[in-house]
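Below you'll find the structures, each written out as structure tokens.
Both complexes shown next keep subunit A, but they swap its partner, so subunit B is in the first and subunit C is in the second.
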Partner chain A sequence: MTGKVNREDILKELFNIGVGQAAGTLSEIIDKKIILDVPDVKILNVELGKAELDKFLSQVAEGAVMVSSISFDRQLEGTVSLIFPADKMHQFIDLCLHEDRGEEASMEFTDIDFDTVKEIGNIILNAIIGELSNTVNIPVEYTLPEVNVLNSAKADLFVSDEAYHLVLMMYITFNIEGTHIDGAIVINMTLKSLDDILNTIDKMYDGR
Partner chain B sequence: MIDMDSFLPSILNCINEGIVILTEDLRVTYWNPVMEKLTDKKQDDVRNIRIEKALPYLDQNFFHNAVDRVIAGGTPVFFSAAMHRRMISDSHQVNLKMNRVAYNNGVAILLEFIDVTNQFYQISQLRDFVRQLSHLNSQLQQKEKVIEKLAYYDQLTGVANRALFDKFADKYLNLAKQSGLMLGLMFVDVNEFKTINDTYGHNTGDKVMTRVASLLTESTRKNDIVCRYGGDEFIVLMPEISTFNDYRKIVNQIDVNKKRHIVQDGYDISLSLSIGVSFYPDDGETIDELIEKADECMYADKHESRHG
Partner chain C sequence: MTKILIVDDSKFSQKITSSLVGKNLDDVSFDYADDGEEGLEKFREIRPDYLLIDLLMPKLRGQDLIESVRQIDFDAKIIVVSADVQKRVRDVIEKMGVLSFINKPLNDEKAKTIADIIRKGAQ
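Coming up: the complex of A and B.
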């Protein structure tokens, strides 16, 4: 169970358990059925991670994104960013808040919008990092997510240039009442942190 | 040294947001004055009771799950006022931040309620302004259309007036010069229009003029400009004519209506048109020359129809 593909499959399974719980929580809060899915997880070096993320930013988000991100330290070190295409976010927020702004949708994001995305980000990122931390039994400490809108986002903003970092790149799809939104989650962490996680996973699954 | 244990309540009392501290079993141990104001509940009334009793909205699975995560892993939690409109009352919108605080050998849960009611009010006001502006904007656009209609279109017949003709004439002439294609200019006069007015009245005469405008519009192509040039005169601009066949197609359509009887207001009226045509570059280099030439031809046609 040491093959890279299998490790990615295990991570995919872990993250899907996490986002499944997040979907349950969000559905209860917004009182609408919401389905979240992580179809793919890739472990990439910094260079490949940036190329993959730039592809997402240009194709899906066309450069403008709304980002909810947290940094964590202690035993695991890194940052995790939940990235949404900005042009879909008014509709997404409206669906969550049972509102329909119609022609006002061209308005900039308000503090209410930012707080809504902060809560959604908190639920999803908590679920993902929480599931990872619980499974490998390594405690992680972090603060509430910061939310930003970036008009011409490039991968450099999310992926550290330091050579000893790795990137966990996954896509996340949201489906609320038939409205489909593609997002991405980028976990940029030190090689040591990811090694600790993967070694623990290897031990767990080799020993079963 | 300041004794922080005795000092802490005084600090929390000064903080300008709702502060609540819960024990691990979710009982209220501290409820600051801002919280009293936000909820209308005194600390003495809620002390030692479970938070869901004090704030019934929080008696939901997602809140209990979040509390479990805060206690177990220290993961911070955020609930937004937008997604939880009635978290503490109908009149105040609050965001809630929840954190684990360690003390001695146990943990407590710190709840921070941040009042964002004013933000909601301001954003709602802003949306009202945007809605009003958007409404005003669409009214202005409608008015602009009316003004344009008045400025460029003949009020009686609805076809272009001379101002629009002048605008397009120069444009089409320049295009013809650039492309090497011909520009056709047709002068149309309604014969004996004065007699129609005198016989059937001006009201019926106006309707006849409108019908002539419609006949010309229906007979021409999409980019041709039909213009009411004077009382009973029309000019049709025909751009991008590459052969005389293009022009024949248009004129054949008009010829069908050149001499006919129409029924208007119950009267059987004999309608006849005199037509003259000129072409750039064969008949002139300027619009004035083309008009003059087409006018000459039209008079020749009129003369022929009278004496032919």
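Coming up: the complex of A and C.
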């Protein structure tokens, strides 16, 4: 029987594999080497999750963020959001489109910018959730991805207040040839979903 | 001239797909649809030789679009280009008789695979 701590470690490893795949995917899109650090995966209750996320939003993103999110349901249920500081996004989009608009940091985004971030977010988030789904053999069905720019973003926008939810937070740092972007991946999922994942992990590792 | 209809709600993906696949094929033309419903309309109107279909789209999802297209032309040549990496999704789609299921992002190698399928079909 794997203990609680070990199960959490395995879960973190599963997410890290997904994030690693996402980095590879992103590297293919922009055709440049990407160093993607994922220091830790934190599994928190809603209250702690909100506090943690608010800290990130105030310190790293200074409130203005570009968020790409996708919800999933069926046997696993939740929402996953990819949060970037908005002021770095023109550089990031230019890298993805292989263009150089030579613009200073700005908060004006075109339809093409939104479309690009939506699709990149879709690919990255599919890598993370899809690989997890494959590993534990529990299917998910996605809703359409969304992208928003939020000024003075607060954790309430990403984390559901509903009971029996929890928050998984991963801080990620993209380093793309000198362009340094600190972002976060926030997964707000039901406790039942996490239980299903952890129980499946138990069965896989205990051979039951 | 080989007519290819790209059905994808992302202009970014439409651009990448047509550019990479077009680079590997001669005498090809592309048409585009931004969602499944438009994809079905354009399929009826254009009767493309090949459809490159995304799965997660507004109005009509890729899977439903494939079913609708099959009702019109059972032998329609369909290649799915999707970000969904789930094995179960791939299994379901492959059973629908598509020529191939390619995961996004498209790169030169994957585009060559698509081009090879199209070239072989034209022979």
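The definition used in the following text is that the second predicted complex is superposed on the first by the 193 of 208 C-alpha atoms of A that agree within 3 Å, B and C clash if a C-alpha of one lies under 4 Å from a C-alpha of the other, contacts with A are read in each partner's own complex, and residues count from 1 in each chain.
Rule of thumb we're sticking to: a residue touches a chain if its C-beta (ideal position, glycine included) is under 8 Å from a C-beta of that chain, and two chains touch if they have at least 3 such contacts.
Computed from a predicted model, the values in this text were never measured in an experiment.
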item: Subunit A as common anchor, with subunit B and subunit C clashing or fitting; value: clash
item: First, second, both or neither for A:Y142, with subunit B first and subunit C second; value: both
item: First (subunit B), second (subunit C), both or neither touched by A:I29; value: both
item: Which superposed partner A:R101 touches (first subunit B, second subunit C, both, neither); value: first
item: Contacts of A:T116 with subunit B and subunit C, given as first, second, both or neither; value: both
item: Which partner, subunit B or subunit C, touches more subunit A residues; value: B
item: Partner chain(s) touched by A:S133 [first = subunit B, second = subunit C, both, neither]; value: both
item: Clashing subunit B stretch [against subunit C; choices 38-46, 164-172, 200-208 or 254-262]; value: 38-46
item: Intersection of subunit A interface sets (partners subunit B, subunit C); value: 25, 28-29, 96-97, 112, 115-116, 118-119, 122, 126, 130, 133-134, 139-140, 142, 144-145
item: For the subunit C and subunit A complex, residues of the former touching the latter; value: 9-13, 56-58, 83-89, 104-105, 107
item: Contacting residues of subunit A [partner subunit B, same complex]; value: 25, 28-30, 93, 96-97, 101, 103-104, 107, 110-113, 115-116, 118-119, 122, 126, 129-130, 133-134, 139-145
item: Complex interface listing, subunit B residues touching subunit A; value: 60-62, 65, 69, 73-84, 95, 97, 116, 119-120, 123, 126-127, 130-131, 134
item: Subunit C-touching residues of subunit A, taken from the complex the two chains share; value: 21, 25, 28-29, 96-97, 112, 115-116, 118-120, 122-123, 126-127, 130-131, 133-134, 139-140, 142, 144-145
